[in-house]
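The letters A, B and C name the chains in turn, as written, and every chain counts its residues from 1.
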Amino acid sequence: MERIADFFRWLNDAHGVNLSIFYDAFDRSRFLEGLWTTVELSTICTALSLAIGVLGAWLQGARFGLVRQLVQAYIQFFRNTPPLVQLFFFYFAIGNELPHVLDEHGMLVPPISNVGWAILSLSLFAGAFNVEIFRAGIEAVPRAMVEAAESLGYSRLGIYWHVLLPLAFRISLPALNNNLVNLVKTTTLAYAIAVPELLYAAAQIWSEVLNVREMMNVLLVTYVALIAVLVAIMARWERALRIPGYDP
Amino acid sequence: MQTEPAALVVLSRVEKRFADTVVLRDISFSVARGKSVCIIGPSGSGKSTLLRCVNALVPASSGSIKIDGIEVNDPALDKIALRRKVGMVFQQYNLFPHRTALQNVMMAPIHVLKQDRHEVEARARRLLAKVGLAEKERAYPGELSGGQQQRVAIARSLAMNPLVMLFDEVTAALDPETKKEVLVTIRELAEDGMTCMIVTHEMGFAREVADHVYFTEKGVIVEHGPPGELLARPREERTRAFLNQVL
Amino acid sequence: MTTLPVLLTPGKAALSRPSGDGWRDLFGGGALGVVLAALGISILAGNAHAAPSLGGSPGVLAILLKWAPLVFQGFLFNLLVSVLSMLAGTGLGLWLGLGRVSQLQVLRRVSGAVIQFFRNAPWLVLLFYCMFLLPFSVSLPFGTVPLPDAAKAVIGLSLPVMANVAEIVRGGVQSIPLEQWESGEALAFSRRQILWMVILPQCLRRMIPPWMNLYAILTMSTTLISVVGIQDSMTLARAALVAEGRTELFIPMYLMLLSWFFLYCYPIARGTAALERGFRVRI
């Protein structure tokens, strides 16, 4: 471990290539914490956006036209406006309007932190895409299969939960995975509201240590590698959940 | 005095309209317990709609459909109670492709009827064995041939212990080789005493299995009778024309 | 290996999708309506909120309208950046995509790696990279060309566009059935001739919907340039809010900005969907 640190110190002294995260413990910990925050953000937003997708797809089949309209409005709004502006809208505009609460130091703070707004905004953004993805998956389920489930006595909710959703999920897995990859990339937007994810951590490091060039490269490589790993995991998951006899 | 076997299914002046089109008109007949009827006719004659009305998948516009005393054409119908008594097998896309054959058969009794898992599993295994697919219980529908899929679908409907089984052209999408195994299964079912309503194009099968055959065209029952008579010596011109085309 | 299909194929499923509800669907299920209603409500609420404390000062709507032209100029700048990045990215992406389907394995591999790299990298990180690491000026044979921040941003955004266009081109070329290539060969055309005279003209139509979709995404992503310090509609909107200093302006201002982007991007999405439906039925 020390030898690696020494190597990078030498690299800095002899060639001016300052990769401080490899020899400086504080910088390294900041970087890794930033990476971890990105992973956390991505995981929570994925789970929430999936839940939103499931709920939204269910509501799209609702009896009341108003409910269907509202779901459509939600989808079209979040898909056709910039996620950064959405984020700012939630954090600055709506966040401002909420009544402040007292925190443990006795100071008045907004009830939802910047991390909280980031999670909410990104989940709603990704959720809108998921609703459409699930809808497409549900449409690939033949009407006869739904009738068969009905004839067996399943209620509408039962059909959705036991037949439509599991099938729609498997059918749309490639599109869902694509959305997940985009979500991970979109977490970088949280930088703009000072959420300490990876980009923010890197920016902090390079503004102190003044090694912009090196940190930029590290950042780029880290994200590309992170996503490559994610894509590989997704591919394995897709293979595991394959429906035998269905080859789109 | 001779007592008639009790009528299990009674249709009385059933009509079905979709917007302006009349799909079923003045359909009235009954099916006695333990008997099998076949419904034949050209496409678009309303046969499938008729079955779906019996099963409450499609509400009839007017008329009465009684199954073991339950009035189907009733807005306050208890659908679960009905679905325990009536099973239906479709032409294709019956099975749930993300579950194995055994799981397919087990699902409804567990989820809908809330029966005990171990009981259901034992019953499911027996039913799969009955349709000759005991060794395929862990296969997925995508790994089964068409005929095997349809037989699993039959077993799945039987798992609900119905009084009446409805078959909607279940062999129409199959190759000739696989058709036979499915027809044999249905025939055995009928011989065991199941009350069946079968929509089919297979005239030979109708002759073997049916106690009574109904010929429908354009939503009306044109003619009906025992298969020996109707298929060999049809009275109506339209029946004759149809049979000439098919046989 | 089944003789009976267990699910519909995706193409068939799409055909069975019912078309939109006519003109009601045209307005995004009322999304715009909801946004405009929210905008209206927030303006009224802002007025009510402010009235007691500020007496005769102008209402929220008046302030919005005062700043709207300036913020709109910023919005136009966003659109300018989107058009320039799209052109640059499409030009580069076309060649990268052709490299991806080339006969030479080396070219295929390298193109594939480049595409993967720029598709995996977050757009904001690429922007930062270009802003920080591109030189301030480029010395060309005929003199030094200054590279202003906006130009760096255009370059930064054109990189992911390039990668995505390359994927669209690859998808388009690979979707043309083998028979087209074979009949071209039978007529003694070279591969290059077949590509340019037979395959690409056919792909072009198919590539347009995803290409338009990409443009909409790009347009929405131009707001990222505000994060790297370039003045656009976002920075101008925030500057206006700071200048006015009234918190009840926040919601209406952002809603206004959101509705502008919506009005620009939603028709593109509808057009894309309509074109896609047209293709499905014809092909």
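We take it that a contact is a pair of C-beta atoms (placed from the backbone, for glycine too) under 8 Å apart; a residue touches a chain by one contact, two chains touch by 3 or more.
Keep in mind that what you see is a predicted model, and the values were worked out from it rather than measured.
Listing every chain that touches subunit B and subunit C alike gives A.
Of all chains, the one whose CA centroid is most distant from that of subunit B is C.
With centres computed from Cα atoms alone, the innermost chain of the structure is A. In terms of their C-alpha centroids, the spacing between subunit B and subunit C amounts to 53 Å.
For the pair subunit A and subunit B, the distance between mean C-alpha positions equals 48 Å. Between subunit A and subunit C the centroid-to-centroid distance comes to 19 Å (mean Cα coordinates, whole Å). Residue positions of subunit C with contacts to 2 or more other chains are 1-2, 5-7.
Across the assembly, subunit B contributes 92-93, 95, 97, 141-143 as residues in contact with two or more other chains. Subunit A has residues 142, 145, 167, 243, 245-246 in contact with two or more other chains.
Those residues of subunit C lying in contact with subunit B across their complex are 1-7.
Subunit A makes touch with subunit B in their complex at residues 142, 144-145, 147-154, 158, 162-163, 166-167, 170, 243-246.
Of all residues in subunit B, only 52, 55, 57, 79-80, 83-84, 86-88, 90-98, 107-108, 111-113, 140-143, 153, 156-157, 160 touch subunit A in the complex they form. Every residue of subunit C that touches subunit A in the complex is listed here, in rising order: 1-2, 5-10, 13-14, 16-17, 25, 28-31, 33-35, 116-117, 120-126, 128-129, 132-133, 216, 220-224, 226-227, 234, 238, 247, 250-251, 253-255, 257-258, 261-262, 265-266, 269. Residues of subunit B that touch subunit C in their complex: 92-93, 95, 97, 141-147, 149-150, 173-175, 178.
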